[in-house]
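Below, subunit A partners subunit B and then partners subunit C, in two separate complexes.
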Partner chain A sequence: MTISSLGFTLLILTMNLCLYSILGSLIGIKISSKALLRSAKNASYCNLITLAFSVSCLVYAFVTRDFSIKYVFNHSSLSMNPIYTWVAMYAGNEGSLLYISLVISISSFLTLFFIPSELNEAEPYIISILSGFLLFFVTVMIFLANPFDTFQNIPQDGRGINPLLAHPGMFSHPPLLMAGLATIVAPFSLILGMIFTGKFRNDGLDYIRTTSLIVWSILGIGLLLGSWWAYTILGWGGYWAWDPIENVGLMPWLIMTAFIHSIIVQRRRGMFRAWNVILIFLAFVLAQFGMFINRGGPVVSVHSFAASTLGYIFLGFMLFSALFCLIIFILNSHKIKSDNNVKSFLSRESAFLMNNFFLVAITFVTLWGLIFPLISELFANETVTVGAPYYNSVNGPVLLALLFVMGVGPNLSWRNTSKENLISNLLIPISLLFISFILLLFFSARPIISSLSISVIVLVLSTILIEWIRGSYKLTKTGTSWYISFIKLIINNRKKYGGYIVHISILLVAIGVIGINFYQIKVDKVLSVGEEIKIGNYKIELIEINENEYNDRREKIATFLIKDSENKTINTMTGNNTFYPSFNMASIRAAINSNPIEDLYIIPSDFINESKMKLIVSINPLVWWMWIGGPVFVLGTLISLWPYKNRKG
Partner chain B sequence: MSNIKSDLLKILILSSIFLVVLISCISNNVDNNNREYNLYSQIMCPVCDGQTIAESQASISNDMKKMIKTQISEGKTDDQILYYFKERYGQEIISSPSYSGFNITVWIAPILIIIGSLLLLIYSLRKNMNKGKS
Partner chain C sequence: MLYLIIILILLTCITYVTYPFIYQSKHIDPLLYKRNIKIRKRGLISELNNELESGILSNDLYNQLKDDVDEMINSELKNLNKEIKIIDPIEKLIQSKKNEKNN
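And now, the complex of A and B:
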């Protein structure tokens, strides 16, 4: 038996296991047979084993460079750097489907393994949703996109990996993003299960919150790593281009962000039940929309790695999921009524509502920009491009409003905020907002919007810090030091303070965005070896240009000496421009000297001859903070997720 | 009654702040210090997928950048330069739709929908709150 037929057989086995666990669960409920239900659950556990082995088969084929398999031929070669073998595994359509299937099986294993007893009744429904979702991907692979498809005549060497993917960021960005999108099915299935059993009240909400937080943080980190990758490798200093594929990853994340906020209100006040169901349905459908756009959608994008002719299948699946969600919602809407209403505009509930509103608004603006070219073609018969200027100017103010709510919300009490509380909580943050705004207006020549954004960041940050100081101060009264009190404060209410740390990470990202969008300096110049260029406080000298020929690529490397205004050497940096003839594609890697104040970013844009080249040099202030936002985001999420000892789940 | 008035006042203040921001945002898109790069980021690279010529390093993008520089030194306005490229490559070469004709929908629709649904949300919350009181 060859490795390819083994891998394929395992896929067929997975398909049967899925069918068995769906039918077993549904029939098990009908005839209330505990044994059948348990067997169906075990079948769904087995998917993890079969898929893990199937993925191992493909990885083995890659490691041995088994070019009899078409997928291995298309995405690897003998001369490629062996480190990227794992990346090659998910570099194309078929392999990424296999990877996604593995992720779904892992997430359904974890979801079912840790399921709390209060969800026992809903479990069979949850299993059938999870297995049904997996079944779709496995079936598509078996019939339309087999990763183990073979050649009759075995080629000598493969085509190699797409050069854009040969980057360390590719070990984490695509797998995390795909995993985040695929695993939205976990909270989705939990909520569906509870709706089917008519129990979408407070049971299991903690568990739903945990799974959603995990999914949401995976997706968030995937997006941020994508930005980082774009910043370092695409070689033009951008971190977010509002490209369609970026947008389809962002939209489910925004909706999930709304969901993890509004689920808090459901836990605390028994409100927003129907709204939460709508949000999770929306997130799931948008994730399927992302799969569709990614695999052969009707829009142009720089991310054409997984493009295939399967677009219609994924479109069909998305429409099916949307219809399914709609029907489920209509049939069950009477079961998911809320217990309470919003009592006052000045309440925590209403702040959460505003947060949700603005997040959904950003999603809507993004979706509208994404599909507008199709609408324009249909109704006005004109091809248009909707690019960054649209998204920046329409989403910008909404994002700012969202940040504002992030600053005001935590100062409001549940139900209603008394005047005294309102004044004592908001006085300092709001005054700081105005003071910083006025100062910035005087001292900064930049657009008003940047001054406004910075002062709103001051508002949010001061709100969080004041809360921390007040909380710690209370604890110091028991005799502990400030330092210990602060740690105690965070440990005692991890959910809340973990959330605040995540808020700080969002602020860090916002600081980077403001720095690069409003305070960037850019020049371009042709430079010969030995010549110098001045920008800001830097002097950049081109020391040498080297050229290297490899089997699969031609590499041109420029070395620069960076000095400060007093001629002290700061650093020696290299930037390269590599051309891959078999892909007819150039990959440019910028030279970046990064510190908390600013990044010096040198793009080797064009090598004119052996001693002359064209550079684009920019100073990107505060971008460093954006990348620091990543670890802070993870830290906050982990604190927020860390389980309490005396409670389960 | 005075309660409702003060609430309305708050809403009014908040939405006017929102509008001011919106307007300043749209009008502040043009930064004169970086005129060249501003134009680059408004023109799509004709041979790449979804990149502007500011981002793309394709040779045609570099040629187009040179052309823009020449036209700026000839004293042409931004609109004239954009029009020059639009004439040759069609509307899709510009990175965002124009503010005229059918294309204005792309800008107007989301703003109207967001403000409209915000007002609707506030109205229905109000109604529910009053119901709770009586």
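And now, the complex of A and C:
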């Protein structure tokens, strides 16, 4: 037996375990056999063992550079840096499907292992949904995209890893993004399971919220890391290009954002039950749409690494999922009605509804931009490209409105807000909004929209800070210090204030977006060695150009000396442009000098000769804060997820 | 070696999948759902208490929201009682008397 046959045998075993798990749980419900239900659950757990070993087989094949396996040949070479072995594992279609299957099995295991007793009745359905989803991926691998497929004649060396993937960000960005899209099945299965029992009420909502938050944060971090990777390696000069692959990751995240807000309303007030079902169904279908676009969908993307000819299979699965969700919703809509309705426009419930409306609007604007070229080609036989200007001009104002709701919403009370309360809560934040807006209008020569955006950020931030100061002040009356009171306030209300910390992280990202979109300075210039260029307060001198030839690539490195306006040396920076002949692909790494105020960003776009090159130099203000938003996002999510111990018992 | 690995994985899976048929699990307490709803109520009330203590909620709003939680949870308990059909002995007696009369 070879390592490839072991890996493939384990895939077949997984397929059988999935089938057993589905049939066992469905028959177990029919004949009321607890032993069979338990056995089906155990079979679902076993998938984790078989897939973990199957993935290990592939990783082992990469480590030993076993080029008898086609996938290893296509995604590694003898000269490949061994640290990229893990990245090579999911660098192509077959390996990424195997990785996704492992992630689904892990999320199934965790979902079922920690399932609360409130969801006992729904558990068999949840098992069958999770196993059914995994079965799809395993079946595709076995019959159409086998990662263990072998050559008759073993090649001496492989093609090597895709050069764009040889970056530290690749250790986390693709796996997190794939994991985020794949694990949406966990909250989806929980809600679907409850619907199948005919009892989608308020039981188990804490658990659904927890799983959704985990999935949402994985996807969110994946997207942010993707932006960081695009900013540092792709040489676009930006962090987000509204590329189809980015968009298909963003859309489910937006819907999940709406869902984790809307589920709070169901939990607290018994409302939005049907709406929550629609949101989670939509998130799941959009995640499948993402898989379709990523794996050979008809939309062209600059960074779809798992492209294959399997697009139609994933399109079929997506359409099946959409139809299935629609039928389930229509058949069960009478069972999922809410207990209450929104009683006042000036209420927290109403603010959550507005938040959901804006998030869904951004999703559909993005979806329309993504599918419009296809529609136009299909009906008008005309290829239309929808670029960043469309997304920015349509989504920009909606995002601003969303930020505004983020600032006003927490000042509204559940049920209804009296005029007195509204005025007392909003007086300071709204005053700050106006003051900052007027100041910016007078002192900044930028468009009004930039001043408005910053003012809205002031509104959101002041709302959060005022609530924290007010709460901490009240707690100091018990004799504790401000510091202890603040910590106590956060710990006692961690679900809510963890969420506020996440809001702060969103503000940090927004600050970066505003900085780069409205305050960027950009210059294109051809520079010879010894010459210098002035931009802002910087003087950039091109010191030297070096060329290195390797087995798999030609690397051109430019070194720059950075001085301030008083000719004091700040730093020496290098940027490179590397060409990979076997992939016919160039990879540009920008030279970046980053600080909290601004980034000096140099793209070595073209090397004309040994002493002359073309540069794109920009000063990107406040981008540093965008990357700080990542750890703050994680911190807020962790605080929000931290369980309450003392409530049980 | 690889054969040994596949045999070990196979044996583990078979043992784990067949285990529930050999050792039956414990009976699930039908009152568990009721207890869970009460735990959830405690959680919601505790959140309201924290918000009151921190000055996020006024006393009036706190009372209103607490009443809403009571109403929501009571309605869920009512529905649950209908489903699990827990009839106390006195109610059972009344029911049987009614049936006798009807007959």
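The rule is simple: the second predicted complex is superposed on the first by the 646 of 649 C-alpha atoms of A that agree within 3 Å, B and C clash if a C-alpha of one lies under 4 Å from a C-alpha of the other, contacts with A are read in each partner's own complex, and residues count from 1 in each chain.
Please note the rule applied: a residue touches a chain if its C-beta (ideal position, glycine included) is under 8 Å from a C-beta of that chain, and two chains touch if they have at least 3 such contacts.
Everything quoted here is computed from the prediction, not taken from an experiment.
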Exercise. Subunit A superposed: clash or fit between subunit B and subunit C?
Worked result: fit
For this session: Quick one: classify A:537 as touching subunit B (first), subunit C (second), both or neither.
Result: neither
For this session: Considering only the touch criterion stated at the top, classify A:424 as touching first (subunit B), second (subunit C), both, or neither.
Result: neither
Exercise. Thinking of the overlay built on chain A, is A:81 touched by subunit B (first), by subunit C (second), by both, or by neither?
Worked result: neither
Exercise. Where does A:38 make contact in the superposed view: on subunit B (first), on subunit C (second), on both, or on neither?
Worked result: second
Exercise. Between subunit B (first) and subunit C (second), which does A:551 come into contact with in this model arrangement: first, second, both, or neither?
Worked result: neither
Problem set entry | Partner chain in contact with A:470 - subunit B first, subunit C second, else both or neither | second
Exercise. What angle, in steps of 10 degrees, lies at subunit A between subunit B and subunit C when each chain is taken as its C-alpha centre?
Worked result: 120
Problem set entry | Partner chain(s) touched by A:481 [first = subunit B, second = subunit C, both, neither] | neither
Seminar exercise, completed: Shortest distance over all C-alpha pairs of subunit B and subunit C after overlay on A, integer Å, is 16
Seminar exercise, completed: After superposition on chain A, the subunit A residues reached by both subunit B and subunit C are none
Seminar exercise, completed: In the complex, the residues of subunit C that touch subunit A are 2-3, 5-6, 9-10, 12-13, 16-21, 24-25, 28, 32-33, 36-37, 39-40, 42-44, 46-47, 50-51, 53-58, 61, 64-65, 68, 72, 75-76, 79, 83
Exercise. Which residues of subunit A touch subunit C in their complex?
Worked result: 1-3, 5-6, 9-10, 13, 17, 20, 34-36, 38-39, 42-43, 45-46, 49-50, 53, 116-118, 120, 199, 201-203, 206, 267-270, 339-340, 413-415, 421, 467, 470-471, 473-475, 489, 492-493, 495-496, 644, 647-648
For this session: Using the touch definition up top, name the residues of subunit B that touch subunit A in the complex.
Result: 7, 10, 18, 21-22, 24-26, 28-29, 31, 34, 37, 41-42, 44, 48-52, 54-57, 62, 90-97, 101-103, 105-107, 109-111, 113-114, 117-118, 121-122, 125, 128-129, 131-132
Problem set entry | Touch list for subunit A against partner subunit B, complex | 234-236, 238, 241, 243-244, 300-302, 304, 341-345, 350, 353, 357, 361, 364-365, 368-369, 372, 375-376, 379-380, 382-390, 392-394, 396-398, 400-401, 447-449, 452, 520, 522, 577, 586, 588, 605-606
